[in-house]
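Scrolling down, you'll hit the structures one after another.
Here come two complexes built around chain A, the first alongside chain B, the second alongside chain C.
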Partner chain A sequence: MSSSAALGSLGRGLVLPIGLLLTWEVASHSGLVNRQFLPPLEHVGATAWQELASGELLEALAASLRRDLLGFVFGSGAGVLIGLLLGLSTIADRVVMTWFNGLKQIALLAWIPLISLWFGFDEMAKVVFIGLAAAIPVILNLVEGIHATSRKLVEVGEVFRFNRVQFILYVYLPAAMPSLLTGLHLALIYAWLATIGAEYFMAAGPGIGGIIIAGRERFDMDLVMLGILVVGSVGFLVDRGASWLERRLIPWRAASALA
Partner chain B sequence: MNVAAQLRTTAVPDHGQGRLEVRNVSKSFVVNGAPVEALRDVSLDVAGGEFVVLLGPSGCGKSTLLRLIAGLEPEFRGSISQDGNAIAGTSLDRGIVFQEPRLFPWATVSQNIALGLKNAPLSDRAKREAVAAHITLVGLDGFAQAYPHQLSGGMAQRAAIARGLVNRPRLLLLDEPFGALDALTRARLQVELQRIWAHERITMVLVTHDVDEAVLLGDRVIVLAPRPGRVSRIFAISAPRPRSRTDDDLVRIRNDVLRALGDGEEDGSGGTPISGPA
Partner chain C sequence: MSDAALRTTLEPRTTAVAGFRRISGRVSAAVLRQLTKLGWLLILPAIILPIWIVGTNHGWLPEQILPRPQDVLHTLRDMLASGELAQHAGYSLRRVAFGFGIGAAAGLITGSAMGLSRRVDDYVRPLFTAIAQVPAPAWIPLAMLLLGIGEGLKIVVIAKAAFVPVVMNTSAGIGNVPRAFIEVGETFRFTSLQMLRHVVLPGAIPPIFTGLRYGLTHAWIALVSVELLASSEGLGYLLVWGRQMFWLDTVLVAMIVIGVIGFVSDKILAVIETGLQRWRIDDVQ
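Then we have the complex of A and B:
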């Protein structure tokens, strides 16, 4: 892609958000919408500045990202182990997978009451919830990837007398790698959504969710808007970063992806 | 670099003759609810160090027979044994080069070949040398770090041949290994294969559609007939080696084999075998 084409596509990508912001600004200033509900951008900006200067915004963001990362690491780690177990063992797969497919139908937020009963409302409970959110897409995608491993390549491993560990390392894991990365990518997004959900519904301690709650309670719309913008931006960056990593981690798929 | 000399140093110790006995083997598949008889009552003895070529029309069960010998299909009737021991599953003593390259797409050429040596009783250094020597052997120098999607069909097939050869099984099964190659590369690899065979006395069972190749390489050429797959004729080729394609004896046998193949096609709908297995 040439640089002018790249700029062009970036330009097109910016049309929608800039258009929305403009509409927002005009609506807010024209009096069409009550400023209480949709404060002008400069007010949100001023609040942002204030929160940045006091260090509260960064502190909240750091707290949120920390539990996001913690939940993601534990959740996806457990997800990889469980996914391997389910994907490689036909018995475990038959016994558990049906259950699991039912279990995943339960909306994530519905777990919150149960988790808060078990773990309370503190940090531990939040991280468990985030971990659960991250583990589910990892398990599902890894199992699917392992099941899709080419029978013909498995036979090559049989001819070379691979043992179980060799089969996992040299056949099943690499074969499932694209699926696994898709699962990890989803896990990153789900974990961030779950972070906000956890902070919102298990309010205790600092976090972006806490900022939104504080804004709501004080009817400080600037603060609510600021929180929402931060949540959206972090989610966007996480998604982009994951896509970028995903493309780079599978060199052998480069050609097929381009074709 | 002298490839042959380098290969010699990496040879694995002798363990058995590589003698093969296939006795009254039958194999059926179920396709769309109906049984398909891929092989019926196939018997075949291959002496240790012998070079046997299987020839026959498409669908007559050549790949199926190789898969059974390799130990990849546990269910069949009859018995197959190597050096007197009934085969059970796969073994490092029996190698196979599949009809398709079957390279691992996530591994480079040299990694793919090295995977063939994962469970070989060699030092890391010996393994590295063996991999390098076999890359040279199949003419893939400069492509050691290439991924399969960066190879042409023929290059991928050569990498697969190197992977099949590298751990020096006592018995090597080759399913149309040179099918995707140009005439020149094919001729060179035929020579290399013969050299390795002559030097290491590996028992070879090679499937091909190329009658010239069959008579050039084989001690015996076994012609199979289709539906159901069965042995139709066996040609012993005693011409001395190294052989020349233009040798009168070879040309004569080649014509006989071609004629037998034609007959096999005609009586494929239920005729009796012309001559049983030796």
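Then we have the complex of A and C:
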């Protein structure tokens, strides 16, 4: 019963995408729409095959992922340190937090011109930008998690006469773990967005973003669509992977609410 | 709200003078608190600004890397006085208003339909999820091929950015109205309209508003990226222009304005959001 209901909802879910693809195919073949705007699906498929066979696509993807990971590791690492400092020290919190809240309101991609002036257009600039994108949600969520640490847990730590390091390791970090993981999850999402953004605006060196920009300049719709498909798939896999890890690491928490 | 009103009326009545003293004491304490907060706030600039001024005066860093703070202020004043800044900000604000308006309205309709009807959700959800996987800025090159680089492109990209979080939060907000509330409504034999008006909407409005807030943030990010890639006016264009001319003061001014507008609009929505959620907080207490 329930499996047939699930099958039914799956079938309904397929109606719109398949209908859209069919319309696309018909429109493209009948010449209703210029093929340059809407190339037939098999052309996109052929381009995909060609790019895969030549290894160009995989190379670009590998370059993007390496950048993404590097920026994420540096950014979230710095984010954890800064978050701990801001969360644990009242003085640091009072002095810095309001400014930080103002700084984070600067739309992410508005940092790119400044960063490219300071660090140029190569790998360094991109990793710095991706790191910035990853650090912000980690800092915000870690500080929030530490501030929300239950008073009772702190009292237990006081009874045990914990020193500062012990407090961090045994009280604050475990208590803040769920929010920290939310922050890291968001950091993964933003780091991937920043990777694509960095490659769009600082189009030097290999990368998926570079492939899309090159495709646009050559009016190669196949290539642009393929690139965006890859961007979406990676984003999807990263998001799902992070949710899965989160569930494994903190099974006691109900489904997280991410937007 | 009623709780707070009760508390004040139940306060023991003292003589007018004592009451006045207490109130004035409370006011001055509040003023003092604000002043200390301001004092803490000023510490960071008090450290950074002198270093910045001395450093740039001695030429430790070339002007193309870090302009003197007085130059940034000067540029800000000039651009404000000439109306240049207001003109660019006006372009950007109009684009965000249109894009966000369209995206949020479409998102509210789609999200409500998905939250209210299981069937609509079944049909729409997979396609929506697929579209949502690619962030709005990443769509720009494709949208540029389809729509050119006119005003339409900007509106579509910004609307897409606002649409996704609004749909997600609206459908979740309506779908997650506690079962118990619905049962209360059923006990009262509410009609569907009454159910919507008295049960579903009050429960769903806070998450819907959170969605609108996210939508606005995403709309801002999309605006800046679309103006960076394809525009000849607006705050994002100002960034590109300043970057090309190596005018760092212009870049910094544009960033400051983007940050201030983002900060103010987010603050306004945050205040409304807290207002809407007040009954929740009272509920917990």
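The rule is simple: the second predicted complex is superposed on the first by the 217 of 259 C-alpha atoms of A that agree within 3 Å, B and C clash if a C-alpha of one lies under 4 Å from a C-alpha of the other, contacts with A are read in each partner's own complex, and residues count from 1 in each chain.
Throughout what follows, contacts are C-beta pairs under 8 Å (C-beta built on N, C-alpha and C of every residue); 3 or more make two chains touch, one makes a residue touch a chain.
Just so you know, these numbers come straight off a predicted model, no measurement behind them.
Looking at the shared chain after the overlay, A:Gly55 reaches neither chain B nor chain C.
Contact with chain C, but none with chain B, is seen for A:Leu114 once the two complexes are overlaid on the shared chain. In the overlay built on the shared chain, the residue A:Gln166 is in contact with chain B alone; chain C does not reach it. When the two structures are aligned on the shared chain, A:Gly241 is found in touch with neither chain B nor chain C. Using the contact criterion defined above for the overlaid structures, shared-chain residue A:Met177 touches chain B, although it does not reach chain C. Chain A has more of its residues touched by C than by the other of chain B and chain C. Shared contact residues of chain A with chain B and chain C: none. Those residues of chain A lying in contact with chain B across their complex are 152-153, 155-156, 158-163, 166, 170-171, 174-175, 177, 250-253, 255-256. Within the complex, the chain C residues that touch chain A are 37, 40-41, 43-44, 64-65, 118-119, 122-127, 130, 133-135, 137-142, 144-146, 165, 168-169, 172, 210-211, 214, 220-221, 223-225, 228-229, 235-236, 239-240, 242-243, 246, 248, 251-252, 254-255, 258-260, 262-263, 266. The touching residues of chain A, when paired with chain C in their complex, are 8-9, 12-17, 20, 37, 94-96, 98-99, 101-103, 105-114, 116-118, 193, 196-197, 200-201, 209, 212-213, 215-216, 219, 221, 224-225, 227-228, 231-233, 235-236, 239, 257, 259. Against chain A, in their complex, chain B makes its touches with residues 70-72, 89-92, 95-96, 98, 100, 102, 104-107, 115-116, 118-119, 147-150, 167.
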